[in-house]
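Heads up, there are several structures right after this.
In the two complexes that follow, chain A is the common piece, with chain B as its partner first and chain C second.
And now, the complex of A and B:
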């Protein structure tokens, strides 16, 4: 019943800052473009793929069937089924696991996982009171009833609600949550800036060596990640004012991810399916683990992946020394640094129910082709950016090399996955 | 007209006698094809003069014909069988050769079995097309795919979006690649090898222009055009022709270069481009005999004025002049170039190698 699941390709459009070149592109447009680039690269035009799973964090009500509609707009056979999934910033990784698990169970021979987000085209809704009045007017049986209902509209009701990236239970934004964690774990400003610079430089180097030639397809005239600053430096980042954590804060626009637009997709299949379709398996999807923390109770919101990492490694009988490459999603530079400190912290790890500290990670193995600080972070797309990137990096290093992905998500959740090169 | 038995100057009267009513009575978009013996095969001085005389006649007839009718000359070497000639005659007699006029090229013996023209001559064969994202390259990819080829569509990464659209439209694969990269040939081969195949044909269509008068052309402009238009394909060929390369060019395969009438005739402001495109013509002529033992044919097409997004940017008056300065009084279409390449890639065109075919409507320049 258990089949090997392999990553055989990936594609994304270049990511860009919200309000930038993709302002007029919808989530549907971007997801379709990501799918079409993947289909072209892998020669699947007109093919019925087992299933496509993707999602968006910021989603218009009209996009209730976003992924299926994107499939119908794409070059895939229209008989390709699809579904929408969502797990905040881990969506692209969770859709990967959904497809991988179905393949492992023999329910699919192939599938595409993905994610898309447009912070430019975020859904704006009417206020709750206005919505209730409009629904009542709609339900009224006659004109009199409708007029009576509509007469209750007050000017204050007319202000639209933009989506806010705040935690419903704490009222704090993601950045404010991370600022607390940053202070608690004593993450220095300079370390954060250094990590941000390293991310930009690593991503730029990967672009320079053509690494993304078969991972990215240009979109709307954008040929490279538009947020990337290859020439950024510690000196330049040091001039930025803190945006989270008050005047004493250490988190700036330079070491926090920008609101982004983009889409990504990853192609998965059994090894037999890959062979039949003349595709080279890059890496096997070995395992995954989800975890959550009690952030309303004060736990570090963005450190939920730590528990997941410990449990996954324990289940696999592996230590950090067995992991050749680490992909830790850079929600903020401080998220990565706090995660690394937490991995080394015996008490913190035991507090999560682990047997002890996860261990010390070799910094040279982390985000070697850059990550979200440099590439950008269209929420749901990030996981589907990381999976093929890591799979290809592992494939370059040779069979048996292992890579771990750690993605934090809103709601105090985290998803971790393990890949192994084939 | 079969003129293969003509060897004396009085024999040429037969040509006049046959073509006179033909030219008068030909229908619009009709075809005159003269088949003759080439010079230089030891038939004597007069026979060689006659062979060349026919070229002059056919070129002139091409200029005198109206309404889209064309005249072309095929030199058949001794030993050529009907099977060897069929693909060439089929091509010239059909609409596929609409923008080829006043030309001559050679067919050599290749023991091709006589058979009806195939509806999908490239069926199941892998053909690599560089510069496939738009214009002539996209038309080549579409036309070859229509005739059964499985296309590896190559273009620079920055053109990836249009490239993906072309690849998906024709059910091929997109390969984003800078052809001037050192490993370009290896990456094309790896892409094909990963699919468990070898290459039947490669069409070196990718090209750039960096136009300036020679006096204003610096070393960078000079080198970049030669690099993309000529050196890159030589490096790629070297890798694909290495028999140890997995996913390389199979024996019996095809190499097609894209030259240009600007290269053959020279063109003001295009010294670098002309060098590169005339170089392509020189390259295929040089390669052909060396690869004959492996049954690999090497040819070039030389487009004249073709209606593309690129030529649409030429100012109107100048564009109109370019359009009308050929025997057919119009610009060619990308598909005209593509069909010619399809003919060269056809397995039954085995006897056609080392040839440069102009797709220019008998442009006034470029002979």
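And now, the complex of A and C:
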């Protein structure tokens, strides 16, 4: 039982810097906005879609059923089921594969995958000792017990905990991990800046030609990605001071992604379902692969997708030459550059258990409509931004063209997916 | 004097409210016969976000109909604080409300707001008046609303016409809402209605309530928010405020689909007694 799964549409709200125009919007608000824009454009108002899967990396405890609640606030039929999934920055791609796999197996005829994150509205929790004391006080049978428990609160317990973006096992932030990888793979500052400029220019050009007209709906007065700087230049980026890797570091705020707010969604279905709903299939979801590296053992945290890419291409009997477009998530400019070097590195690839180097990628095929450096990176939303973007780019190029998506994620993980235009 | 009193900025609620607190004059009820119109105001997006949060709406670019009512409310206060009005807002009871959103309205659209008072008529307990509001974008009417208030003790000539009661059958609620003690304060912040009966126990007592009561337009908004995913692009929402809800409270909510919309009730937690009856219908 195998059905062809096609991407028939996508929608996101423009992404924006944390603390910017979406400061008052919650993850629920933004995910609902992304869903409602998709529903309006594809005429699915009141329709019971097979399933909706989405997630957020920074998640409030009250949002335990974030996606289902957003579905209930949306124009979809309230009988549309939903679930929350999370795989750090790969969430939006992993939810796409969850829905796609169910459709392929015949369990669904349609579904929506998505992701959302608000770095502005990040959950703040009480400190661990305070939480334990409060739980003990709550469980106490009488006032005396409650008072006894509460009397143990110390001033130091009262400082709130903001979510940390460090790896629990290494104590290093994502940027610090990448800085090590950047140095190890000898990625030059100028190359990083050049890639960042290219990302801004490519995204600006895509906006300019109306590419995003059926991929984005405005929200809270924002009509375009608010992080995008169409006029940025190599000279301007060269003036920025390094933020990771010490004073000799090469990674700056200009070639690293900004903390962002945003939401994105992808509409998937069988070809029959797409036809019945008068929707044009853009691309078929062909295959996907997940991989992880031993970063507590010193492996490059953000290069986990390399192993996934090699295994996926091998399984499909393809080489990089067969891939027309590459979407490599720009966690940092150096992530993309290190990934490309790793693909060419015979020893590194063999060390991952691959048969040899993956190969050299044609730079003109990478992130042709810009990526996270220019668009922003609301963690869980990024995969769901990339999938419809790539599907539409492939559709423009014609049937049979192939695209590969590579997304790195916290925990030393990576997800890679293959799309083919129909 | 009929005509239009044009305001460039929203009237300050404090002063107008103080005037609206003065006891109404005895004898035959009088209402101003002019319209107050407020030029489009720059809206603080944070206030709509706060309103959405307090009333449980998802924060959208398209505003709920009840939000436009909130925007017109200072004009209600201003009009009934007018010396030509013998009817005062404080002490008056909001008995019913009807509003129509003629098309989706974006939060950023500049709204010209106008309110007039009309239809002074007798009621068994005093007199009824209608505050008739309108919101326009340029010349296009996008929203209108009628808020009916009962002014106890006021007089209007003629025989009281019985007010039709919305039908209600007790039924188990679909949901329970827990309304915290400070909800009145939260809603005051977003509605900017300073009426103390929603926040002060003392003031509530003075008006015959044991505890502060939640604003009827909060309850209306909360009920509308419960249907938000199913609201048509243009709709008419009607509300009958049957009984006030004393804070804090746990109340029931129930909604049933009709041919062209929904009927909903906010009730006691056992579903036996109604506080608010609401209808939502598609508007053409």
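Simple rule for what comes next: the second predicted complex is superposed on the first by the 422 of 422 C-alpha atoms of A that agree within 3 Å, B and C clash if a C-alpha of one lies under 4 Å from a C-alpha of the other, contacts with A are read in each partner's own complex, and residues count from 1 in each chain.
What we mean here is this: a contact is a pair of C-beta atoms (placed from the backbone, for glycine too) under 8 Å apart; a residue touches a chain by one contact, two chains touch by 3 or more.
This one's a predicted model, so the numbers in the text were calculated from it and none came from an experiment.
Participant: Do chain B and chain C fit side by side on chain A after the overlay, or clash?
Facilitator: Because the two structures are overlaid on the shared chain, the partners are seen to clash.
Participant: Name the contact category of A:188: first (chain B only), second (chain C only), both, or neither.
Facilitator: neither
Participant: Between chain B (first) and chain C (second), which does A:24 come into contact with in this model arrangement: first, second, both, or neither?
Facilitator: In the superposition, A:24 touches chain C alone.
Participant: Return first, second, both or neither, reflecting whether A:78 touches chain B, chain C, both chains, or no partner chain.
Facilitator: second
Participant: Does chain B (first) or chain C (second) touch A:105, or do both, or does neither?
Facilitator: Touch partners of A:105: none, neither chain B nor chain C.
Participant: Looking at A:218 after the superposition, I want to know if it touches chain B, chain C, both of them or none. Which is it: first, second, both, neither?
Facilitator: A:218 contacts both chain B and chain C.
Participant: Specify the partner with more touching residues on chain A, choosing between chain B and chain C.
Facilitator: Per-residue touch count on chain A favours B.
Participant: Which partner does A:33 contact after superposing on A: first (chain B), second (chain C), both, neither?
Facilitator: Both chain B and chain C are touched by A:33.
Participant: Would you find which stretch of chain C runs into chain B in the superposed arrangement, from 115-123, 133-141 or 241-249?
Facilitator: 133-141
Participant: Across the two complexes, find the residues of chain A that touch chain B and also touch chain C.
Facilitator: 33, 36, 75, 218-220
Participant: Write out the stretch or stretches of chain A touching chain C in their complex.
Facilitator: Those residues of chain A that touch chain C are 24-26, 28-29, 32-33, 36, 70, 72-76, 78, 218-221.
Participant: Under the definition above, what is the set of chain A residues touching chain B in their complex?
Facilitator: Touch list, chain A to chain B: 33, 36-37, 39-43, 45-46, 75, 210, 212-214, 216-220, 223, 278-280.
Participant: Residue numbers of chain C touching chain A in their complex, please.
Facilitator: On the chain C side, the touching residues are 45-46, 49-50, 52, 58-61, 107-108, 228-230.
Participant: Mind listing the chain B positions that touch chain A in their complex?
Facilitator: Touch list, chain B to chain A: 153, 157-161, 163-165, 167-178, 181, 194-197.
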